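Chain naming follows the written order as A, B and C, and within any one chain the residues start at number 1.
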Amino acid sequence: MKNSSLQRWTNHLMAACLAVMAIAVFTNVVLRYGFGSGVAASEELSRLLFVWMVFIGATGAYPMGEHMAFTSLLQPLLKPGREVALKGATRLIHALVVLSCALVGWGAWQQVVVGLDSVSVVLGYPQALLPLPALLSSAAIGAMALVQFIQGKAIDFGHGAEVE
Amino acid sequence: MNQGLTAVVFVVGMLLFMGVGMPMAFALVLTGASMAWVLDFWDTQLLAQNLVAGVDSFPLLAVPFFILAGELMNSGGISRRIIVMAQAWVGHIRGGLGFVTIGAAILMASMSGSALADTAALATILLPMMRAHGYPMGTSAGLIASGGIIAPIIPPSMPFVIYGVTTNTSISALFLSGIVPGLMMGAGLIVAWKLQLRKMDLPAGIPLPLSTKLRETGKAFWALLMPIIIIGGMKTGVFTPTEAAVVAAFYALVIAFFVHREMQLTDLHGVLVRAAKTTAVVMFLCAGAQVASYMITLADLPGTISGWLGSLIEHPKLLMAVMMVALVLIGTALDLTPTILIFAPVMLPIAVKAGIDPVYFGLMFVLNGAIGLITPPVGTVLNVVAGVGRMRLDEVIKGVNPYLITYCLILTLLVIFPQIVTLPVAWMR
Amino acid sequence: QDIKPRLIRFGYGLNEQSNQGRAAKVLAEEIEKLSGGKMKLRAIGAAALGSDVQMQQALIGGAQEMMVGSTATLVGITKEMALWDTPFLFNTAAEADAVLDGPIGDKVRAKLEEKGLVGLVYWENGFRNLTNSKRAVNKLEDMDGIKLRVMQNTVYLDSFKSLGANAVPLPFSELFSALETKAVDGQENPYNTILSSKFYEIQKFLTVTNHVYSPWIVLVSKKWWDGLSKDEKAVLTTAAKTSRDFERKDTRAEAAQALEDLKAKGMQVNVLPAAETDRMRDKLTSINAGIAANVGMDLWHETQAALQKLRAKK
């Protein structure tokens, strides 16, 4: 796995999100059983961080080919003599990813604009912070997929699901 | 609005977008978008909103916390102590490492919620030992893979969390429903391994003295306390599943740092990053699935399909059998998480309409999907074992067969006698 | 009449069989009738269109036409909505009706427009009341040390702390099991919710506190609204009023029945004496000052004046 400085930063961010989430939820457990009280913001904060962590992670996973995909039907194309078909299929995948990122990105952009004008109930953070990771992530993945489409980069069959 | 057409768009879209090999999360987004178009619900804002809403859920937080707990268990020496303890007790029996595998798999299943993490830990430690002692590798690897998929059945369980959130079923009840079937899986493996042993030429070892057995058990004491905290805490309702997960993570952290002293502060960053990455990939799929399932609900797809099923609805057991066969077939090609995310929202309402208990259905669904993790061509747990053991995939696939048959028998048994699941749940709640 | 064929997607959180669902049906019928069958409202319940917050953002963005939801979740959009969160604001449903349907309710509704929403009418969720498993609450001091689940909302949390309870924020989804296992001792909700969530199975004492009145509000996407003709707007406004009148009558009948059912199920019901209500209200002075500052002093004084006028009439 290559370890660019961008990669390092996304790793730091994700680790920080997860650590704060865990501490926020754990604190409320302790407060409830130990002291009969709790922090109202805990749930809202941990949910927001969770959303960010997932989208950051999903963006970082894309260039590594770590997203789950069903590639069994493409296996026959790996045989010699079928390079053209394989290239076509690969281009199709990249194009479809670009399409879905464009749709999501356009929708997320509108929701970010809408969300600038309202705040969350407990913490008072701008509602735009919820659709924002979807916007950034679809922009980044869409751009990567577009480059891959132009380059005709072959997709990676090596990675399946890494967890279950 | 044409509901039949929407159903067709769903099926065709799914097959098309996933079939060409797109990352599934994006395939689900495009399927949802196509359905929105047909449903007269077209607006890209809804796609973006639901993508976020798919992960903006407090109960889902149990997933990263259980993954974190699992990472800490493996890094903090908890998993290893469990295996060493199991070995001290049953390692000397003929074919003992097989029994060690089964025992450790059950114990670890009661602490971890992920089949892949458990399988990786089991395979890393036990496969080299089995190889060194001359065990036939195919069937040994098959046993490890089969033991690994007990993890999502015995609580805690990530797939149960995802199923519960996706279908609005009580996660605590799902957890409790897994205990008996999980133990049955363990018992089934013991029988199957014994049958396999007859074909093997393995020597028996010398039993270790009781003092050694007790010493190894003592070393695993803190690890063994973990399931008692998780299951006990949830059964008495002291914790919700999300809280149980975070408590498990902190417990594993304390054990790893202060009791076993096998981790340092610098290791923590790596553990957090691994857990976060693993979570992100699974949860991004949840995000994409929410786009599709939003449209599934709006189109009342389950209603349409149960209309197609006709009088099958009136025969719950037959319907159950049909759905189980369908799931076995789906499971050959699809992983557990996508199976839950795509098919549970469609199938559960049909099952409920036929009068099938939603918790029982959830257990059967996840059990079936977990078995799919060890069926070719797409069997992620098989890949893990083959990868860790540096073996050819088809050797593992062959080795897994006897246990696969055992599991299918258990599945059939549970279809015929749902009481095996429902009675203990009713008693425990 | 200038009415075009229109499909209105109307989302709500409860299921079809609830008071929300019944009123949504009335609204749909009324719109269809008044528009001569041209405008069709498709009511989608059980939060299938998302949570209140998700639907609000969809309305503002123009991705959905209408919804009904809690005013508490609108506070992040229009801070004046926090007025309805004030504890012990209304003594009776009649007071609530008069204020919500009068100039003050209109003023708060109108504030939504600058944020891209149009508020048509207020429906009723109901007065919230207290249940717990420890003791009947007959006086302020009885609140002491009760571990009480409250919504994840700072006003509620601080209010109940001021009254002496150990207020614990908890998602509603986890409430039943928390009560069952005594992780928390009590909760507060309208009768209908207490009954439908089967809290009577695990809570012995129900105290009629009427400590806060929760309205619902019927919202329209302003983006969509601005494209409607005058006649179409009139159809929606009239239909919404009809649905409101039906909904309040229906909800009140249901609540009265729910209280009887709760008694029949064995809950021990007591009414908090008026003198104790006053003592509790005194305890909440600083909370009220906070709300007043938040919604604006003018609006706050206007509300208090209107209430005094209403109370003097009697």
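Just so we're on the same page, contacts are C-beta pairs under 8 Å (C-beta built on N, C-alpha and C of every residue); 3 or more make two chains touch, one makes a residue touch a chain.
All of these numbers come straight from a predicted model, not from anything done at the bench.
Q: Report back the single chain whose CA centre is most distant from the CA centre of chain C.
A: B
Q: Counting C-beta pairs in contact, which chain pair has more, A-B or B-C?
A: A-B
Q: Whole-Å distance, chain A centre to chain C centre, using C-alpha means?
A: 36
Q: If you average the CA atoms of chain A and of chain B, how far apart do the two points sit, in angstrom?
A: Distance between chain centres, rounded to whole Å: 23 Å.
Q: Can you give the whole-Å distance between the Cα centres of chain B and chain C?
A: That pair's centroid distance is 41 Å.
Q: Of all the residues in chain B, which ones touch at least 2 other chains?
A: Within chain B, the residues that touch at least two other chains are 43, 45-46, 49, 58, 238.
Q: By residue number and range, which residues of chain C touch two or more other chains?
A: Residues 57, 61, 171, 183 of chain C each touch two or more of the other chains.
Q: Tell me, which residues of chain A touch at least two other chains?
A: Residues 28, 33, 43, 110-111, 114 of chain A each touch two or more of the other chains.
Q: Going by the contact rule at the top, pick out the chain B residues touching chain A in the complex.
A: For this pair, the touching residues of chain B are 17-27, 29-30, 33, 43-49, 51-52, 55-58, 60-61, 64-65, 67-68, 114-117, 152, 158-159, 238-239, 242-243, 246-247, 249-250, 269, 272-273, 275-285, 287, 333-338, 373, 377-378, 380-381, 383.
Q: Enumerate the contact residues on chain C facing chain A in the complex.
A: Residue positions touching the partner: 53, 56-57, 60-61, 72-73, 75-77, 115-116, 145, 147, 152-154, 157, 161, 166-171, 183-184.
Q: Where on chain C does chain B make contact in their complex?
A: The contact residues of chain C facing chain B are 7, 9, 44, 48-51, 54, 57-58, 61-64, 171, 173-174, 177-178, 180-181, 183.
Q: Looking at the complex, which residues from chain A come into contact with chain C?
A: My answer: residues 28, 32-33, 35-40, 42-44, 110-111, 113-115, 117-122, 124, 127.
Q: For chain A, which residues count as touching chain B in their complex?
A: Its residues touching chain B are 11, 14-15, 17-19, 21-22, 25-26, 28-29, 33, 43, 46-48, 50-51, 53-58, 60-62, 66-74, 89, 92-93, 96-97, 99-101, 103-108, 110-111, 114, 130-131, 133-135, 138, 155, 160-164.
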